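In what follows, a structure is listed as structure tokens, so that the remarks can point back to it.
Labels run A, B and C following the written order; every chain starts at residue 1.
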């Protein structure tokens, strides 16, 4: 009997450890700091992009603490690694909110990771600041979208190409996931409204991390030699970009013949490229590191000091994180409370300077006003701004260029609406989880 | 249609056209001598519009110093000195630039990077520059420069160069250049109001492989929405149709050759990625999940070598090959001696251990080199393409990689079949205990074999660094394909690995134009699954007693 | 046959029986501590813990399915994640249909992702998923049919060893690429998400979560008993002999491919069930679940726990996943070193996994007592 007993203990430990550990740690809780959750992948495929954002949040927290913290308390960053694994994002969001009891979360990069944490954030009533440009079609009560909506990036870029460069033929190339799909749907319908014929639009999708672009570039070349000015609108995702641009350069497609305007290639991606063959290709963002303003200079200086590397670049999602963080701080100070409901109420309408010299304002649909900049890639991996919008463009959660989406609007201020998916035809609010 | 075409032209070159009709580049200009200097100083403006106007005026000057200035500006080598706004040519030197005065060609010595500022250009400006330069170059003495100029003019029909072209055609003796010049002229004449001119233009385009002229001809024979033809003349249309037919046949043939090349190139990438695995997995039976990370280490070695020798990028790649072999090979030997050695006879558990190692190595480079991608520079001799004609051009990097992959495979086969080490290696893998009793140090041979396989993976990393991202995930993206290739070819058979890699590459590239990139890959995978049903031991199955392993 | 010997398959398995008892205890006690103990009490179990454990239980069921074919029949499948994901998708499709007109666009016919991509009608393969029972049948049937077709082809032509492993990997890889395609109509990269309720119970309610947790536990116990029954039956003996000497078994006169096919399909169905229970608990199913790396991880759970011991697979799955949860929270920057190190160390020092330690110790005692070798028939090769 003794023999079996020891085995009983052995087998039990495995399962029991899990339960006991989480029991103990959920009890130990300190309330004298304000906790800021950081939910960015530090390993796996998305670590390339997201690690920088984690560092940005840590820098902002450090800055704030130097200024004396917030409401007299110190800020404390809680970093977890969701490892580019989408279900793990949901689990970690739950961990941050339930176990660590954070007051706010900065995190996510891909749409699918946001979709994955969305139910958790809404159910546990947390706040998520999402700092990346995305496809729109969403406005959650608990999420603030500090990156660009399609009307703040894609559409101005196409306008620029059409009006300033005189592009008549369009290649919409993207990685096969929801952001390119939606963006291209929007652009296709926009281009058709502008009188571009079906045969002058070529749409192409490739899998994630596609590395063999020979055939596609050859097709683009052929498509572009039809005598009309052609441009590529690229929603190709990070990893596939290097081989794509390399192939373009090697097959002799220069930016003068067929410019490529990219929505996912920023300074940081460029720092991993050999930029020589890319010179002259375009990108549309709301921020470039080369932006000429005092705040930006200061931000870059702080970043270099924090990361202890003068060569590191800044990029658009970092600016979005910066704006999000500042807006949150302002909202907390305004209401003297970190309570989620107070912040949700107070943050709308707040303004903070953005890094390009204007101001970012939080709109009732939880999106921001942003300037749109078009830049040409320079040999040093920076962008030279060649065009920019007059003022800031307000972000539109629900695009007007898709029939089903045009009738929906989001407003978290108007007490008559208070909803992210308000259907202006049926006067109903659909798809809410609360 | 023609009107529309003009519209495009007007938008694109409006500034250029207006300027040049008034004062063509080759016209006498009284003020010329006086103003090159003053025009140059306008280039320091930050407004692209001002710069465009200045370039236009500079190009209108008859001055032999104009061409070098325009070319330097296009190449991004034209700078101005911040202290006195003097326009200078630059060449990279250690920690700065070697500068020469653009006007007097006087050597101004070396300066620091911050003392000069580049005269930046944008797409529109570069295009303008290129056209202007092409006009100048038509009169060059060298045939290849004239040919390149003609090609540029075919791409962007520029009526203002018609006279120069006519003159050049009369003087031209080289047949291939003559053809190109005629086509360049034809491209302009196609817009003419004169039917005879247009027919001659179409005839000139016959047999000239070029996508632009083909697109123009295609546009000619199309109907407008109201049923009328774009080209009003029946004769021109007939001529165009017959010329097009010939061109299309040519294009189809070259398309086939191109697909074949694409296939070989994809195949050689697969071969490079898989051939190391063919040793560690195929010959030794280690299910080596860390194989991808060996490739990654090779790519990172290339990056480090380029950091060490930043001024010899061309040579760095050559140095990187043995260096990557050593780094990955050494890592392989370490892994074999510390972990795998204990797992012989338990092949499935090597999967677990090497998977763990692969996680550790990934995190290692992430900690050492940061999770960001590293930029590996492509040397000049590997960029660009070899243009056989307007329909077919083979990119140099792919071409070299095909050759490189074949060299690696050949070298490896030689090593296995002809060297003493190869003999020992085969002896150990075929019958360990017998080899041991013959006096072979099996442990040493195991370590060397694993090192060899890993080292070759490292070499593959050097090649892949020229094609794709160098980052912590590099290995992950090749590991599955590598296993598929080795298994499809037949485990333990290098020849099989070669045939499998090339076969899969070519099949993929021929399916892709029809099905799209994603579907092509899926179809290939399904094909492999079904093929293994037919030949459960791969393409080239090993016959013999250890089949029932 | 007496009732005693009829239950011998269960009675002989002391460790397994204990583990089942433990799981039973966990799924009874934890819900009580979660639902009825006040939140501020020391004994309160958060729904975070419940959700986490529920996830582990699903993984454990999946590991069990893999151990059944790998540990007892020698089929190393590097594509079992595919069956898990298919089960998950079947469940996800049902829950998508349950949303009905409560989607953001309020479209009663189409799921949201189809609406904004301008789909006009529901693809045919979505029909029937409004019905819970149909969906549940598909949970087992979809992976089952795939496994049947795949297995029938592979085993008939005697694809074995690494060749089989690699083509199972090719299968899950192909499926991943296919499901990533938005044109497939399964939501592309985002997969299926934004679920609202299951059989009318809101997924946000604690009671629903606890119920799902209990269901996962029950499924695991039933799955274990089923597997245990199979491996202790005569069929199980044949499976082990196939594992140890396939040709010999064939020469004796057994139709090896039939046995293999049966156990492969059974294992795929179990994996499907695990997937179906997993999806409502994590709230998303997307093509990432098909990724070959995920399938390799399952193999690692089994190997860490102890291949060839059904309860070992369960322990391994829970242990490795708990390690992952713990490390990613506690050492977000360096956790891969630890996990990777764990795999290397456990291969080197625990050749038969965690339960192997116990087994070795037991064997030694047995030897000492000079009794006849006991349960050594289960030692992995």
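Going forward, contacts are C-beta pairs under 8 Å (C-beta built on N, C-alpha and C of every residue); 3 or more make two chains touch, one makes a residue touch a chain.
Owing to the predicted nature of the structure, the values given are computational and were not obtained by experimental measurement.
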## Note on the structure
Min distance from chain CA centroid to global CA centroid: chain A
### Query
Which two chains does the highest number of contacting C-beta pairs join?
A-C
### Query
Just curious, how far off is chain C from chain B if you go by their C-alpha centres, in Å?
45
### Task
Just give me the whole-number Å value for how far the CA centre of chain A lies from that of chain B.
31
### Task
Pull out every residue in chain C that's touching 2 or more other chains.
177, 180-181, 333, 336
### Query
What positions in chain B touch 2 or more of the other chains?
362-363, 366, 476, 518, 521
### Task
Mind pulling the residue numbers of chain A that touch at least two other chains?
42-43, 176, 205, 207
#### Entry: For the chain C and chain B complex, residues of the former touching the latter
76, 150, 153-154, 156-163, 166-167, 169-171, 173-174, 177-178, 180-181, 247, 292-293, 296, 299-300, 303-304, 333-334, 336-337, 339-344, 346-348, 351
### Message
Please output the residues of chain A touching chain B within their complex, sorted ascending.
### Response
42-45, 47-48, 51-52, 165-166, 168, 176, 204-207, 209-212, 214-216, 218-219, 221-222, 225-229, 239, 242-243, 246-247, 249-252, 255-257, 259, 268-269, 271-277, 279-280, 376, 378-379, 384, 386
## Note on the structure
Within their complex, chain C touches chain A through residues 14-15, 18-19, 22-23, 26, 30, 42, 45-49, 51-53, 55-56, 101-107, 112-113, 115-118, 177, 180-182, 188-191, 193-196, 203-204, 282-284, 286, 288, 311, 315, 318-319, 322, 325-326, 328-329, 332-333, 335-336, 354-355, 357-358, 362, 365
### Query
Okay, in this complex, where on chain A does chain C touch?
3-4, 7-8, 10-12, 14-19, 21-23, 26-27, 42-43, 79-83, 85-88, 90-92, 94-95, 98-99, 110-112, 115-116, 118-120, 123, 137-138, 176-178, 181-182, 185, 205, 207-208, 402-405, 408, 420-421, 423, 426, 428, 430-431, 433
### Query
Hey, which residues of chain B end up touching chain C in the complex?
281, 287, 289, 339, 342-343, 346, 348-349, 351-353, 355-360, 362-364, 366-367, 476, 480, 483-484, 487, 491, 518-519, 521-522, 525-526, 528-530, 532-534, 536-538, 548-549
